[in-house]
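Okay, got some structures for you below.
Below are two complexes that have subunit A in common, paired first with subunit B and then with subunit C.
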Partner chain A sequence: MNPLELTLGIMTAVGGFVDISELVFAAKAGSMFGYALIWVFVVATIGIMVFGEMSGRVAAVAKQPVFNLMRHRLGLKLGLVTLLASLIANLITCAAEIGGVAFVLNYLTGAPYMLMAIASTAVLMASMWILPFKWIERTYGLLGLFMIVFLVALVAIKPPWHQLAGGFVPHIPHGLSTKELLIFAYYMVAIVSAVMFPYEAYFYSSGGIEEKWAPKDLPMNRITCTVGFGLGSLLSISILASSTQLFMPANVGPELLGSSALEAAIPFGTTGLLLALAGMLFAISGAAIETCMANAYSLCQFFGWEWGRQRKPWQAPRFTVAWIGFFLLALAIILTGIDPMNLVEYAVLFSILVLPLTYLPLLLLAGDPSYMGQYANGPVGKTFGWLYFTIITVAAIGALPLYVITSGGQG
Partner chain B sequence: MSPDDPIKLVSQVLDLPLLDVGGNYCGIVDDIELTGSAGKETRLAALLVGPGAYEGRLPAWAMWLVRKLAGDRITRVPIGQVASINSAVKLKVSADSLGLHKSENAVRAVIPHVGAM
Partner chain C sequence: MQRLLLIAAVLVAGCSKGPEADLQYISKARSLGAEWALVNEQSSAGKLTENYTQSMREAVREQLKTASSSLTQPNSDYAGEIGALLAEPDDATPAQLRAHADKLKRIEDSLESA
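Then we have the complex of A and B:
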């Protein structure tokens, strides 16, 4: 293991962990329920560690990305259903991310939101065209580390650490009315969805193939998933905890994306605000690229087309057309004038509905010795895999009724 | 596994990705062609690649949609051109020599070949 590569990989995972949905739901969760939802972030983060590690292992051992093998395992019909569901979920998520980038640029420059959406999409597409895979991943992931200002800001406002620590213990707050309990349940489902978005595992797996992982890279895969995702999740938890300290007592609902940035502005003034907005800009931009690439990867892998951004755009032509097309479709969704905060809700809702369908093939593949040989899931992998599959299935079943009953968490 | 070994056709070959001799993706095994008849030995003659080979695997309405969107082309890959079958089917020859990269090449022709690192 190259220590520099490992460190860079972990830092990239940390900086690339948070996206618009985590920002929005962490801030809202803290303002509504205090520290009580921290443990849900922890549970969901262990889930993405489990499935992320599996997808990296499948890439390193079977040398084929998950979507290639998924069609072989599920067959054409069920495979097509999974592909379509995943494409729609990722497209909505990508549109929400582009809207988020446009919002942040609007805060920073004052330029019109729609103009910023077009400009940011053009810049993201240009960086996809110009930069090879590793540069894309590292650039946005490492610049996303500006988000660490949220963790520093939390320390600076001196929260009651013993109460905050209590949030890590799974519990449901006492004294909630039925309506509040349902909203709490909706937030649990939304956080699981936001942390375990399907694009993350597919992007990670395809990235492993792009970087030509082999079984010797499995320890690096395991460390990157656990340490990188774990530290990344701490950033989300910091946003939740700061929101608890700053917004909950004032009875402020952080409905806007910019509300989260205020968490860094309160202890550190303009510098904190700018660092927070810079972190949000790069983290959300990185997520926009990841969702778009995940869709292009899935489509090309399903039909056996050339794919990958280690190759020049003309060396994988249909892959290039696919990611350009998905970016333009996502931009078109934003240009309809739909509120990106609504898109975040739809992305989270649709993603959780399709999450079991998208993670089942991964679970089957990682446990199949005919593909994985000695690296197939052992007892621990199987137990955690099926446990989390059960959790996301229960969340998927509950998501739509909870969304309708609570009007999307509004009550 | 070599192509001459006994193969569980559906579970081991169907829907596997194809890689040409240069390691380039060049389609998926969408269907298979068999030789032989009742009472005689059945052997795998070719792998069939392309949207036309979905016929019979998708409902009629979905097949109609596939034809409209992607056409009904089928490319035949003789089994003699297969080098190995594992998590992908590896070919002994280039994708171009079998006509497997026609669409890829057509799209490549319209993409600017500039500006990428």
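Then we have the complex of A and C:
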């Protein structure tokens, strides 16, 4: 195991962990329920560690990407339904991320939002065309490390640490009305969905195949997933905790993406603000690329077409047309004028509905010794895998009614 | 039976009108007013850039207009309060903006407890 590669892998995972949905839901959750939802982030992060490690292991051992498995395990019809649903979920997510990037650029430069949406899409497409796979992942992941300012800002505002620590213990706050309980449940579902977005597994496993992982890379896969995702999740928890301290007493929702940056501006002034905006810019840009690539991967893997950024664009023409097409479609959604904050809500809702179908084939294959040999899930992997499959299935069943009843968590 | 009750609840929630349906917009406007106050407060302390301050103010105004136009009771006291918030100048004092947010919060609380 190369220590430099490992460190870069972990740092990339940390910087690339947070996306627009986590920014939005962490800030809102903190302002609405204080520290009470921290444990949901912890539970969901363990979930993405479990399935991330599994998808990396399957990529390294069986050399099978998720959508190839899906077609074989779910059959053509159910596989096609899952493909369509995940394409839509990822497309909405990608549009929300592009809108998020445009907003951050608008905050930084004052240039019109729509113009920034077009310009940022062009830059993202150019970077995908020019950069090799590893550098696409690393550039945005490493620059996303500016997000660490949120963790430092939390320390600087001196929160009541004992109360914050209490948020790590699973509980439901006392004294909530029925309506507040429903909103709390909606936020639980939304956080699970935001942290365990299906595109993350598609992108991670396809990336493993692009980088030609082998069984020797399994320790690196395990460490990257646990340490990288764990530290990444700390950034989301910092945003939630600062929101509890700064926004909750001020009656702030927050309704705008830019409000999160105030968490760093309040203790550190313009330096904190600019660092926070830079972190948000690169983290959200990275997520936009990942969602778009995840869609192109899924489509090509399902139909058995040539895919991969390791090839020259013209060597995998359908893959190239797919990612360009998905980027343009996402931009078209933003150009209709729809608010990216609403898109985040739809993305989270749609993604949780797809989640069980995404992770089931992975869980089955990772536990199958005929494919995985000695690397098949052991008792711990099976227990955690099925436990999380149950959690996401329950969340998927509850998501739509909770969304409608609580008007998307607004009450 | 449980499924039917759930569907009924969902339909009722989705089709309701009046203050109950407007609660989400009142809550949104209250939060936007408080965000605007926080931005102006930090801006006057020299902690924000000009571009950020201006963009946030524009976004707040845009969202407030959307919330206002989504109300099912445009002649209500809360519609008037949202209108008054919208009428404030960009650089209104945090105290002025917080007064609107507090008033909307009181309306929100009274509707929730009704």
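Note that the second predicted complex is superposed on the first by the 411 of 411 C-alpha atoms of A that agree within 3 Å, B and C clash if a C-alpha of one lies under 4 Å from a C-alpha of the other, contacts with A are read in each partner's own complex, and residues count from 1 in each chain.
Rule of thumb we're sticking to: a residue touches a chain if its C-beta (ideal position, glycine included) is under 8 Å from a C-beta of that chain, and two chains touch if they have at least 3 such contacts.
Bear in mind the structure is a predicted one, so any value in this text is a computation, not a measurement.
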Inset, instruction - Based on the superposed arrangement around subunit A, label subunit B with subunit C as either clash or fit. - result: fit
Legend entry - Partner chain(s) touched by A:109 [first = subunit B, second = subunit C, both, neither]: second
Inset, instruction - Considering only touches as defined above, state whether A:69 meets subunit B (first), subunit C (second), both or neither. - result: first
Legend entry - Touched partner set for A:266, first subunit B, second subunit C, both or neither: second
Inset, instruction - State whether A:218 touches subunit B only (first), subunit C only (second), both chains, or neither. - result: neither
Inset, instruction - Check the residue A:77 against both partner chains and state whether it touches subunit B (first), subunit C (second), both, or neither. - result: first
Inset, instruction - Using the superposed model, determine the angle subunit B, subunit A, subunit C defined by their C-alpha centres, to the nearest 10 degrees. - result: 130
Inset, instruction - Using the touch definition from the top, say if A:250 reaches subunit B (first), subunit C (second), both or neither. - result: second
Inset, instruction - Pick one for A:320: touches subunit B only (first), subunit C only (second), both, or neither. - result: first
Inset, instruction - Please work out how little space separates the C-alpha atoms of subunit B and subunit C at their nearest point after superposition, in whole Å. - result: 30
Inset, instruction - State the interface residues of subunit B toward subunit A in the complex, per the touch definition above. - result: 14-18, 24-28, 30, 49, 54, 57-58, 62, 87-88, 103-104, 107-108, 111-113, 115-117
Legend entry - Residues of subunit A touching subunit B in the complex: 62-64, 68-69, 71-72, 75-77, 79-80, 129-132, 135, 300-307, 312-315, 317-318, 320-321, 371
Legend entry - Residues on subunit C engaged by subunit A in the complex (per definition of touch): 6, 9-10, 13-14, 23-24, 27-28, 30-32, 34-35, 37-39, 42, 46-52, 54-56, 59-60, 63, 66, 101-102, 105, 112
Inset, instruction - Mind listing the subunit A positions that touch subunit C in their complex? - result: 103, 106-110, 177, 179, 247, 250-256, 258-259, 261-262, 265-266, 269-270, 272-274, 277, 339, 401, 404-405, 407, 410-411
